[in-house]
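Submitted below is the structure of interest, expressed as structure tokens.
As written, the chains take the letters A, B and C, and residue 1 is the first residue of each chain.
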Amino acid sequence: MEGIRTRVKIGRVFLYIFSYSFVLVWLIPMLWMVITAIKPDGSPVTVLSELIKPPFTMDNYQYVSENASIWRWTWNSVYIAVVTTALTLLLTSMAAFALSRIPFKGSKLVFWIIIAGLMVPTEATIIPLFMMMVDSGLINSYSSIIFPSIAAPLGVLILKQFYDAIPKELVEAAEMDGANKLRIWWSIFLPLSRSSMAALGIFTFISSWNNFLWPFLAISDEKMMTLPIGIPLFQSGYAAELTIPMAANMLASLPALLVFILFQKHIIKGITMTGIK
Amino acid sequence: MEPTVPVTKDGEEHAPLKRKSKVAGLLTNKKSLSLNLFAWLFLSPYLLFYLWFMLYPIIKGFIISLYQWTIGNERTYVGLGNYSAIFKDSFFWEALGNTVYFVVISTPTLVITGILLALTVNSGLKGTGFLRSAFFLPHILSISVISSIWVFVLQPYTGLMNSVLKTLGVTQEIFWLDSANLAWLSILLATVWWTVGFNMVLFLAGLQEIPDDLYEAARIDGANSWHCFRYITLPSLKGVILLVVVLQSIASFKLFGQSYLMTNGGPGTSTRTLVQYIYETGFRTNEMGLASAMSYVLFLVMVLFAVVQFKFMAKKD
Amino acid sequence: MKKIKLVMVIMLFVLSVFTGCSSTEKTASSDASKNESGNKPVQLKYWVPFSGGDGDFMKAMVAEFNKTNSDIQVEMLNLKWEEYYTKLRTAVASKQAPDVAVAHTSKLGELAPSNLIAELDQIAPNAGIEWDSFNQNILNATVFEGKHMAIPLDTHAMIMFYNKKILGDAGLLDGDGNPDFKPGADGFIDFLKQVKEKAPADVMPFVGTSNGNVPFWMWWSLYSQMDGKLLSEDGKKAAFNNEKGKEALQFISDLVHKDGLWPKNVKNGGEIFAAGKGAVNFNGVWSTGTFEKNQGLDFGVMTIPQLYDHEATWGDSHTLVLPVQKEDDPKRQEAAAVFANWLAENGAMWAKAGHVPSKTEVIESEEFKSLEYRSEYVEVVDQVNFMPNSDKLFPIGDILRANFDLVMNGQASVEEAINKAEKEVNDLLSK
């Protein structure tokens, strides 16, 4: 018995050593970014002993904020992500409610048409989307980025599943009190689905924040660019320098890092609930 | 499935909609009309976007693929000419091959790494929350930042990776992004770092659903850790694993950002993926019709892949 | 419960803002400061593809122009070279084109016939452009079907930079301070081998970015020294799959693989040379300005050595074009042409980067002559063998670059690469 316990203990110690050294290695690229961003240009950034000792400087940050439209790009990214999330939540929740709780002709057909959209990757429609945006004059606008994201059917599916599980007694009770459908949606379904909505919202926000291919095609005006599009453009002028691009990376990551620190529990819970990339 | 019986205010029972009698039909006509109206009112805002930006592009994409069509909107009808041109285009096959190659190397890697990380986080060490956050953290960074970091890490002569390897005694300069195999390895490495946290979270949720008594019972029977993993953990995770495999292979099929930003499809064209080739055909060489046809092929291949996977899974179950 | 409602209300608020968002851009630009005469200045968007040190010089020029011209204000966007023309074309097609943009002469053959850029004959007189004042050779390359399609800005060529200190310490400079090597390919190789032997171990005898343009331009320079042709007379077939084409590529390949004089997979050759870690660097004249900014670097320049029959090198020319707009606005076009002409007239400023100005009077000016090396570059331009005019020239370049990259990193032999490139170019041209 003693022997087994020691073995378990030794195993534990090994697990600790392994896990924590691995997580350290895992974080190295990120730590490297953090430190390099505050090193003066031209300092040796691959030697550990040189890295952690001064001089440190904020010049790189200053340079980036003066020479790149980084604040504008951040604003664009935030704006697009917030509006996309808000619209997605609102519209998919309404649609899911109708499909789940209002019996009407063709309900099933509509649902299947929408669900079929899950099979369509955006990557496969970039060409027609681009042509449509050009023809409608929407290209290079916030709308050109936001609208296609809202069409994603995932939210309808998730919320409908949740709404289907809400006991019908609740609805009946409200209807007895004379509530109409709009009211039922607003004061019963919305509050009850808070956690699903939060999950969907977080998922939508992250995908919008990281959206690359479509904004890359649809935006050519520097003022309308999002961070994922603007950052590589800015960095291409500094191919051999390290400190300035890293400062740009840091600035581009700060809002996301902030959101992560504040909401990490929700984010992780949210992924578990939606389970979709 | 039996439809539920709606109950009105005054408690009068209606027959299910499909089987309603003529009389009842007349009685409920007004109501179903208003229900219809409500339903469409609720649906229409979403449907508008769905039809406009999801369904219509699919149809329009097919129409474009039948033409020789430039961005400047000049077009000539070529029927299925674009499709037959694709089949003769060696670059297309190469790009398709590259994409499939990435799916094949990335899916198992990301699934296995995801499970390993989830097991580590779930093993009851102190600081579980920290470990979980640390592994997940890269996922919230944007692909541009990820690629930029890795390009600098992997750079020859001045990169972090080679400097570290040098201090470890590797004298040879390694060119991570300049030979096809190493470039794929680098893209895979960056992708794992970026996205595996997501898979880990899904696996964690799966692990936490396994009841503890299963393990206790096994331990009483004298099972060791490996047995526990092999005969309890793995079978219980089956559902999650299948889900992650499907999600991951779809995501890998759409690879663009990492390879475009890290290697620009190089060296040569050896890491150019299908999405990048579609982009280049459509926008660089201005052949929207051809690119649209390629998009359709990509779409079909992905659907085919998904169907095969589902079939495969169904068999295993 | 209250929270979720609050969130919904905020969403609705955001929505109401959202409907008005597409107009924010216009209001922003109309806020721009008024100039002395009280008129709103014309705001121009200007696109350039300068990834290296050029970008900074152009930025300085734009700043100078904005300072001295109160009625025209230019906003410059520097795009990645690889994506530049793709973005430009899409921008024109989506009616979002910049007012003025840089285009290479070698690209005009594709831009002009596809109605992407405006012809300049009507605007030119109003904007004060005098076609006579340009170098006529360069100007002629910008004329299509008798119409002026672009305003030439400069010519640039590939030359050889060398580190005087490294070569001097190794005793490889002659009495005049020039690199001491015998003519011909073998002489040059011997010279580099001596560098490798005598210079410190961390110095690369030959350095250049190992993929993309540098091998391609180098190949074209050497191939041109043997009078090689890129395409057949009628421009419908590839004409480079021959002994000369292979020999030129073999020379480059041997530098890397056989003799180990050019280290593999160099990401940024210019930077390594600038840091004093390379003895010889083949690069564009535009690197001069960047190298000059590097105070520790003592470098010299010369033409690409004559390795074969006669001297020749790769070169191209930057021009300024007016992309086609949604609707013609003569006032804006004129302003754009004024700006473009100003850039050409102030070519001496641009020459600080290393380019050779397009206007003869600028080349004769004191300001230009006072710049070191630049007068020699004027002669280098005469050795340039410009690539043939073809609307497929850029896609052909893409094919050659991709295949040469495979040779550079050892994945394909010279023979394989040239054969494959020939097939791909022929496929492209037959489309």
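Definition applied: a contact is a pair of C-beta atoms (placed from the backbone, for glycine too) under 8 Å apart; a residue touches a chain by one contact, two chains touch by 3 or more.
For clarity, every value in this text was computed on a predicted model and none was experimentally measured.
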Based on which chains touch which, is the overall arrangement a line, ring, star, complete graph, or other? complete
As a test of whether you follow the contact definition, which chain pair has the most C-beta contact pairs? A-B
Between subunit B and subunit C, the Cα-mean centres are separated in Å by 39
Could you work out how far the Cα centre of subunit A sits from that of subunit B, in whole Å? 15
Would you mind pulling out the distance in Å between where the CA atoms of subunit A average out and where those of subunit C do? 38
Among all residues of subunit C, those touching at least two other chains are 90, 93-94, 267
Using the touch rule from the top of the page, what residues of subunit A touch 2 or more other chains? 90, 130, 134, 217, 232, 240
Residues touching two or more other chains, restricted to subunit B: which are they? 71, 283
Could you pull out which subunit A residues touch subunit B in their complex? 15-16, 18-20, 22-23, 26-30, 32-33, 45-47, 90-92, 94-95, 97-99, 102-105, 107, 110, 113-114, 117, 119-121, 123-132, 134, 147-148, 150-153, 156, 168, 172, 175-176, 178, 180-182, 185, 206, 209-210, 212-213, 217, 227-229, 231-232, 235, 240, 242, 245-246, 249, 252-253, 256-257, 259-260, 264, 267-268, 271-272, 275-277
Give the list of subunit C residues in touch with subunit A in this complex. 1, 3-5, 8, 10-12, 14-15, 18, 21-22, 25, 28, 51, 55, 77-80, 87, 90-91, 93-96, 267-268, 270-271
Where on subunit C is subunit B touching in the complex? 82, 85-86, 89-90, 92-94, 114-116, 210-211, 263-267, 272, 395, 398, 402-403, 405-406, 408-412
With touch defined as at the start, can you tell me which subunit B residues reach subunit A in the complex? 3-4, 6-7, 9, 17, 32, 35-36, 38-43, 45-47, 49-50, 52-58, 60-61, 64, 71, 120, 123, 125, 127, 130-145, 147-150, 152-153, 158-160, 163-164, 193, 195, 198, 201-202, 204-205, 243, 247-248, 250-251, 253-254, 256-257, 261, 275, 278-279, 282-283, 288, 291-292, 295-296, 298-299, 302-303, 306
Spell out the residues on subunit A that touch subunit C in their complex, using ranges where they run on. 79, 82-83, 86-87, 89-90, 130, 133-134, 137, 139-143, 146, 186-187, 190-191, 194, 197, 217, 220-224, 232-233, 236-237, 239-240
